[in-house]
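What follows is chain A paired twice: with chain B in the first complex and chain C in the second.
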Partner chain A sequence: MAYHTIVYLFLFLPLVLTAYQIAPRKLRRAVLVGAGYGFFWLISRKLVVFLIGTTLFTHYIGLCLTWLKQKCRMETDSCAPEGKSGIRKKYKKKEKLVLACGIILLLTVLAYLKYYNFFAHNANQLLEAVSVPLAFPAKRLVLPIGISFYTLQAIGYMADVYWEKVQTENHPGKLALFLGFFPQIMEGPISMYSQTAEALWRCDSLKGENLSRGCVRIIWGLFKKMIVADRLYLLVKAVFDHYEQYSGIVIAAAAISYTVQLYMEFSGSMDIIIGSGRMFGVVLPENFRQPFVSRNAAEFWRRWHITLGVWFKTYIFYPMSASALVKKWNRFGKKHFGKYITKLGISAICLYPVWLCNGLWHGPRWSYLFYGMYYFVILLFGIAAEPVKNGLLQRCGIKESAWYWKRLQILKTWVIIFVGELFFRAEGLSIGLKMFKSMFQNVSLHCLWDGTFLNFGLDKGDYLVIICGCLTAAVVGGIKERNLLGDGGLAKLKTPVRWSIYYALIFAVIIFGAYGVGYQQVDLIYAGF
Partner chain B sequence: MRDFKDKIKRAGKTVLFFAILFALLTGMSSMLTEISKKNDNLIQSRNKSLIKIQKEPPNSIDVLILGDSLSYTSISPMQLWNRYGITSFIGGQSGQKIYETYHILKTTLENQSPKLVVIETDVLLRGRTGLGRLKDKLEEKGSYYFPIFRYHNVWKPLLMGEEYAEESYKGFMLRDTIQPYKKGEYMKKTGEKIQLSPFVTDYMEQIISLCRENDIKILLISTPSPVNYNYKKYNALKEYAQENSLDYLDMNLKVKKLDIDWKSDSLDKGDHVNLLGAQKITRYFGKYITSRYDLTDHRGDAGFEMWEREAKDYKKKTKKKVEAMQNSLRIG
Partner chain C sequence: MDELMNILNGIDDSIDWENEKALIDQRLLDSFGVITLVSELEDQFSVEIDAAQMIPDNFNSAEAIYEMIQRLREK
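Then we have the complex of A and B:
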């Protein structure tokens, strides 16, 4: 039951909204938790025990950390000043141990279910190569839906409790709501406890304004998913499934199409998810902020899958920056290599685990690891080349804010994104490399008008709709980027204008949506991660 | 007081918004249905039979045949007309599901009053479970009440000028390919039976009661198809028909009587029959229904001139195709 399906939009969501509204305030939490577990069960059946288990385990780790902190406080309060530091150190050690246990166990479950077969396959190849008569058996492992998302949220919660950013509750319900809020289960956004738990726990009554804003956001998501993404899916699938038959422009077009498809689909799903949350009065964090206006790869990742980036930054990058290793290198580097190399070294030490995890998080494939490393190298190169670039700009008299320089940077970022997504989508790293190479072979613009692009299940009408859909999304993105409508959004417009926009959106989805005869329902890409 | 007034105003606005939306949906639905009726080349194959049957003159169809691709490849209404003067129409769709069968019947009954509804039983064997079933059901209901969801794609041929022309005779498709079935006997006697899905039997109940309300007889038929039928399925369908007092004819048990030769009559290795097979099946089927049901011979009746014209064209076309098929069989 993906979020764009008729069952979710016209049955599940309205039923939960109704049950939530008619239930007494105290029972509303139970309705939401029940809806979350029900949603999970409908997709992953009995694997819902993983979500329940993770919730309970995380809750008790949180309680344990809080108990240790309280005990530490009590002991330090009642002891002599010279002994306080020793007590604090003792308890910090214990807290670290508890936190490490919590994180390791959750990661072990995730790693076993998600990566065991990948590990076994590669280990077996290695063992065979060195003639060791040992083999890891392949296992039929079923992944609970959304495990990569709720595991990160759970780890984030434990770390936040450890850092005393949030306080634990004795009742596990609040955490259950935080980890199992049904709109977030399949695809995120990966929220922090401080962002959503309170609003979920408050269980405010439904409000007309929230309902209408939520509905509009959902329809906008459907617009992106059904009009653009599901159409491009046909082209992308046709080329990537038979990549050996194509080269040059066709491969490049497929890489661009996949990037647009992924953006329209993932951000469209996010619109539906955020809209669903909004209906309950819960403001979920945004996951996309006009990523295609980014001037470099770093900015792109601040605008694309934002919550994943923020999670890695908060729970990997910052702790790494403050780690003993970085401190040691800082001292050593400044002494022996100077500021520039030291800074580069620190960036490498902190960024490497972030991008390794980013690649791994997407799934057990070398191509995903390559994808992570691709961005690691690009970002590091960006940092390394910064002084050279600044010097060149100064010499040439080009201002950073010059419009043509901005456009050039955006164009360069597009190339980086498209190439990255080519490897991301290709069925394996070797295929990705082959496709990348073939992009530079038989380059001829002839295929743009000889009918090649009409062989992918799309006709001229489809391409026209895709272009119009992208232009509409670009205009909406531009309005958002410049904040032309302010905080009130469409609500500021006069009723006839607002309603005309709503009807236009609804009928655009109904008439131009890629559904029914000739199209197929496309599963959510990120639900697979 | 002001709060109350505001609330009423907001509620009124919401009602007005949805009323306009409902009116737009209804209006656009009937507009698209009319456009599709005017030119059925605007819609793609799967929805054609639904539109075409709505274009037939009111109360002109006596036999309505429903089912999946087996229905429109096995029985030829024009052959029935030529031999018996029976007016029949095939409301078949590829991979038709039981709720689609129900809704085509319901739509047909809006301006037709058939005496006999024939259901090709392959639809009874196609059950869906869980969320997929719910999804299909909701989609079909939505498309039935608001056909805009079914015909939304007509913008494409209207705007781009590319139409989806298809040759069909009252729903029957002339298929002249020959791909023999070579695996031998497929109806091996057994006491075992498959289980019909409750989803299917629930919809069948609705179909039966709709037919009974309109005084329509129901006949279940299984057309010859080694890929789709076996004895276990026959047992289940026979038992179901008996339990519900429905007539049931399984032609898979009468392949010899029908004179089906799987070397020449198979379209795609035993999945469907081709034109040669359809002619044999229709011959038997025509005899069967005329001997059991009170069906009128409309040949020469006023208002059926179109049938005569279409029948002539059909005769010409099939003659050519049959000759070509026989030639290709001779050449080997």
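Then we have the complex of A and C:
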């Protein structure tokens, strides 16, 4: 039951909304938790025990950390000033141990279910190569839906309790709601406890404004998913499945199409998810902020899958930055190598684990690891080349804010994104490399008008709809980027204008949406992660 | 505060440290600037700044940085 399906939109969501509203306030929490577990069960059946187990385990780790902190406070309050530091150190060690146990156990479950077969396959190949008569048996492992998302949220919660950014509740229901809010289960956004737990726990009554804003957001999501993404899926699948038959422009077009498909689909799903949350009065964090106007790869990742980036920054990048290794290197580097090399070294130490985890998080494939390392190298290169770039700009008299320089940077970022997504989508690293090479072979614009692109299940009308859909999304993105409508959004517009937009969106989805005969139901890409 | 201003000017003297209130939000101080600053602050003020303190609120202005140092010193 994906978020764009009729079952979710016209049955599950309205039923939960109704049950939520008619239930007494105290029972609303139970309705939401029940809806979350019910949603999970409908997709992953009995694997819902993983979510329940993770919730209980995380809850007790949180309680244990809080108990240690309270005990530390009590002991330091009643001891002489000179002994306080020792007590704090003793308890900090214990807290660290509890946190480490919590994180390791959750990661072990995730790693075993998600990566065991990948590890076994590669380890067996290695053992065979060195003639060791040992083999790891392949196992039939089924992944619970959304495990990569709720595991990160659970780890984030434990770290936040450890850092005293949030306080634990004795009742496990609040955490159950935070980890199992049904709109977030399949694809995120990966929220922090401080962002959503309070609003979920409050269980406010439904409000007309929230319902209408939620509805509009959902329709906008359907527009992106059904009008653009599901059409482009046909082209992308045709080329990537038979990549050996194509080269040059067709491969490049497929890489661009996949990037657009992925954006329209993932951001469209996010619109549906955020819209669903909004209906309950819960403001979920945004996951996209006009990524295609980014001037470099770093900015792109601040605008694309934002919550994953923020999670890695908060729980990997900053802890690495504050680690003894980085501090030592900072002092040593400055003394012996100067600022430039020191900054480069810090960047490498802190960014490497972030991008390794980013690649791994997407799944057990070498191509995903390559994808992570691809961005690691690009970001590191960007930092290394910054002084040279600044020098060149100064020498040529080009201002950073010049419009043509901005456009050039955006164009360069597009190339980086498209190449990255080519490897991300390709069925394996070797195929990705072959496709990348073939992009530079038989380059001829002839295929653009000789009918090649009409062989992918799309006719001229479909291409026109895709272009119009993309232009509409670009205009909406431009309005958002300049914040032309402010916080009120469409509500700021006059009623006839607003309703014309609503009707235009609804009819566009009904008339141009890719569904019914001739269209295959397209699964949500990120639900697979 | 003077010691802090010396450190901040040493990191980047083109920033108006006294008046700027959104160093992180406006990306005047990036992640690597924060890392450099953290290790300078630790050396100068003998405090330990861990990942929990790495939030924009603590680094958005010279005042906020100073308050964080005072807080950590009291611990």
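Quick notes on this structure:
Here is the rule we use: the second predicted complex is superposed on the first by the 529 of 529 C-alpha atoms of A that agree within 3 Å, B and C clash if a C-alpha of one lies under 4 Å from a C-alpha of the other, contacts with A are read in each partner's own complex, and residues count from 1 in each chain.
The definition used in the following text is that a contact is a pair of C-beta atoms (placed from the backbone, for glycine too) under 8 Å apart; a residue touches a chain by one contact, two chains touch by 3 or more.
Quick caveat, the model's predicted, so the values are computed rather than measured.
Because the two structures share chain A, they can be overlaid on it, and in that overlay chain B and chain C fit beside each other without clashing.
Within the superposed three-chain model, A:165 lies in touch with chain C and out of touch with chain B [touch as defined at top]. In the superposition on chain A, A:495 makes contact with chain B only, not with chain C. Of the two partner chains placed by the overlay, only chain B lies in contact with A:42; chain C stays clear of it. In the superposition on chain A, A:347 makes contact with chain C only, while chain B stays out of contact range. Legend: residue contacts after superposition of the two complexes on their common chain; A:24 is shown touching neither chain B nor chain C.
Applying the stated contact rule after C-alpha superposition, one finds that A:331 touches chain C and leaves chain B untouched.
Once the two complexes are overlaid on the shared chain, A:322 sits against chain C while remaining clear of chain B. Of all Cα pairs linking chain B with chain C in the superposition, the shortest spans 39 Å. Contacts from chain A toward chain B in the complex involve residues 1, 5-7, 10-11, 42, 208, 459-462, 464, 495, 499, 502-503, 506-507, 510-513, 516-518.
Across the complex, chain C is touched by residues 88, 162-165, 313-314, 317-319, 321-322, 326-327, 330-331, 343, 346-347, 350, 383 of chain A.
Chain C makes touch with chain A in their complex at residues 31-32, 34-36, 38-39, 42-43, 49-54, 75.
Residues 10, 13-14, 17, 20-21, 24, 28, 43-47, 131, 134-135, 138-139, 142, 148-150, 152-153, 155-156, 159-160, 162 of chain B are the ones touching chain A in the complex.
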